[in-house]
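Next come two complexes, and both contain chain A; in the first it sits with chain B, in the second with chain C.
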Partner chain A sequence: MSEREIAGKTVRFAEDGFMADPAEWDKGVAEALASEIGIAPLTEQHWKVIEFCRSDFAAQGDAPTLRRIMKVGGVPTKELYKLFPKGPAKKVAYVAGLKKPSGCI
Partner chain B sequence: MFEDKGRKLCIICSKGTLDMAYPGLVLANAALMEGIDVILFFTFWGLDMINKKKMNKLKFVPVANPSMPIPNMIGGLPGMTSMATAVMKKEIEKLDFPPVDEFLEMISDAGGKMYACKMSMDMFADFHMMSEDDMFERIDAVVGATDFMEMSEGAQIIFI
Partner chain C sequence: MKKLLILGAGTAGTMVANKLSHVLSRDEWQITIVDQNETHYYQPGFLFMPFGIYGENDVIKPKRDFIPPGVEMIMSEIELVEPAENRVRIAKDNRYLYYDFLIIATGTHPRPEETPGLNDKEWRESIHDFYTYEGAKALAKKLRTWEGGRLVLSVLELPYKCPVAPLEFIFLADWFFHERGIRDKVELTLATPLPGAFTKPRAASLLGDTLDNKNVHLVPEFYPEQVDPDNKVIVAYDEREIPYDLLVVVPVNMGAEVIGRSGLGNEMNYVPVDKHNFLSTQYDNIFALGDAANLPTSKAGSVAHFAAEVFVENFLRYIEGQPMTAQFDGHANCFIESGFGKGILIDFNYDVEPLPGKYPLPGVGPFSLLQESEMNHWGKMMFRWMYWNILLKGKEMPVTAHMSMAGKWN
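Take a look at the complex of A and B:
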């Protein structure tokens, strides 16, 4: 566990680099984390995916797989890779303040 | 954590049974999800995975497999292949893995490249087992083994 100052807040991170507590997340944190990994600015489409992942996590207890974001969230695979290039599932989870996704798909 | 390591993975798919088709698809998709460049090369029986007439009808054969909990004599009875296939397909669906065509679409949408082996295609055409018209539209090209060598330069290679 480590702590970092992000967007004026103290945020805790787990060993794997993902946020330890989704409750410490806010939109400012998301903007900062996104720009840290080269995704800036966050557009309306980014927020749609982030918000779906946040609400799905709250309901399911796990960061959604890409297939779930596609099937349930209604965002096509192609668009996901465009919005969050080179590793969308992990990058969305990171920006959304969720734990590292464990799904294989 | 998210830095691009420039990693590249080539997966050679040479089998046409349901249980041997999925490992390549799962690994290719997982690699793309990790930001790794992926090339899939379909050769020999692996062509069934990209044959529109067969891709969603791949079978799981319960004989000659010591891991199966039933004797070969039973596994070889009529209807056993269909039954074993149905059970495995149900499980695949339960784990939320898509059917072969949808899986290949996902891989292609994610930026994975897919090629069919020319020599195998020629041979299959001679035996009327598959023509280019039967080939799944998302396949990027039909290429020879030497082309594959060129495009797989510097890549890690998995043969399935």
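Take a look at the complex of A and C:
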């Protein structure tokens, strides 16, 4: 666990670099985290995905998979790769303040 | 009479039918199991068929041979589960089967049609799978005369059955082509959506080294969108491409369609359950076992086996109105066939990654964890006999359901 100043707030991070508590997240934090990983500015399409992932996480307790974002959230996987290039499931979870997707097999 | 209905007579369903038929009173309980196919496949054996190690007769037996007397077996497609009515509609005679408790064990199935270009004109020509009986047979025929080139194994989606099978396939392919004297004419590539050879770090590192030693090219984080069968390339969502001469895929896996139709599944038709006791999160008289459940662990027979033991203990309490105190820990173990008569064994659970050590007897073995040995290979070969004769029949195995740290080191 570590703490960092993000967008004027103190935010806690788990060892894997993902936020420790989704409740410490706000839109300012999202913008700062996104620009850290080279995604700026956040467009309406980005926000749509981020908001779906946050509400799905609140209901399911897990960051959604790409297939879930496609089938339930209605965002095609190809588009996700354009919005959050190289590893969109992980990147969107990072920006949305969620824990690292389990990626279990 | 109380009615217990089990959907699916695969590994999980058969084991549980056997175990419960021994402990539930026949005067009080009627157990019924429904399945649409007569044949029970020893699915771990599919891996060996392409290389001629197992033949067709090694992997099939009639399902009925494993259903105990006193359990009613119905061969039929399952049309719909109606949880609000506590009943299941089956195709045979359009019957309704009513239940007090329902166990869903309908498994997970390869769905090649989910990937564009796959299930097309080149399917079973230059594109193959080994997760079905027909697929393993077709690939065996192909490999007997294949003269070499680029063999690419691509995992198309997570989760899939038996997470180590793609690695084993590649290890066995390396051995097979050595034996045929054409290894120098074959380029082996393993492409996976995972960040490495396996999810858990210690095993990923060992297995990654093993791939290196066998001169296998690993392409991590490769999430395929489609196959272009004319130009023989597989294309990822991030637009990377891998050319092949022979493509072997682990298709998208999904739970049974009846689960989706009945509103019992998530987007992959897996039933959401409590990961420690398998009770549906929606209905308090429905459980899901084995691959049909959305457990955050491997989809594998070993998980179903350990889970079945915990389930039976809990179920006997649950029907008496007592709390379910046994907690499934996500225990899985598997022999990984590594070629040239050797194997690796891994043992892990939800929280503890595979570690080195000895299994099942601490310090003694006879199996070595997280390292290659000939004994581990014999364990894998012996396992087929154990599966048919002990495991499916619900008899006691000489290993514990919960993972043990004894005999392991960090």
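Convention: the second predicted complex is superposed on the first by the 102 of 105 C-alpha atoms of A that agree within 3 Å, B and C clash if a C-alpha of one lies under 4 Å from a C-alpha of the other, contacts with A are read in each partner's own complex, and residues count from 1 in each chain.
Heads up, the rule we're going with is that contacts are C-beta pairs under 8 Å (C-beta built on N, C-alpha and C of every residue); 3 or more make two chains touch, one makes a residue touch a chain.
This is a predicted model, so every value here is computed, not measured.
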**Prompt:** So which one touches more of the residues on chain A, chain B or chain C?
**Reply:** B
**Prompt:** When the two structures are overlaid on chain A, which partner does A:Val72 contact: first (chain B), second (chain C), both, or neither?
**Reply:** second
**Asked** Touching A:Ala40, do we find chain B (first), chain C (second), both, or neither?
**Response** neither
**Message:** After the superposition on A, what does A:Ala58 contact: first (chain B), second (chain C), both or neither?
**Reply:** neither
**Request:** Could you say whether A:Lys91 touches chain B, chain C, both of them, or neither, answering first, second, both or neither?
**Result:** first
**Which superposed partner A:Tyr81 touches (first chain B, second chain C, both, neither)** = both
**Asked** Of the two partner chains, chain B (first) and chain C (second), which one does A:Ala14 touch, if any: first, second, both, or neither?
**Response** neither
**Request:** State which residues of chain A lie in both footprints, the one left by chain B and the one left by chain C.
**Result:** 65-68, 77-78, 81, 85-87, 103-105
**Fill in**
Given the complex, residues on chain A that touch chain C span 62, 65-68, 71-72, 77-78, 80-81, 85-87, 102-105
**Item:** Of all residues in chain B, those that touch chain A in their complex
**Value:** 1-2, 4, 26, 29-30, 32-35, 96-98, 105-106, 109-111
**Residues of chain C defined as touching chain A within the complex** = 157-160, 163, 194-195, 198-199, 221, 223, 225, 237-239, 266-268, 296-298
**Item:** Sites on chain A touched by chain B in the complex
**Value:** 17, 37-38, 65-68, 70, 76-78, 81, 85-91, 94, 103-105
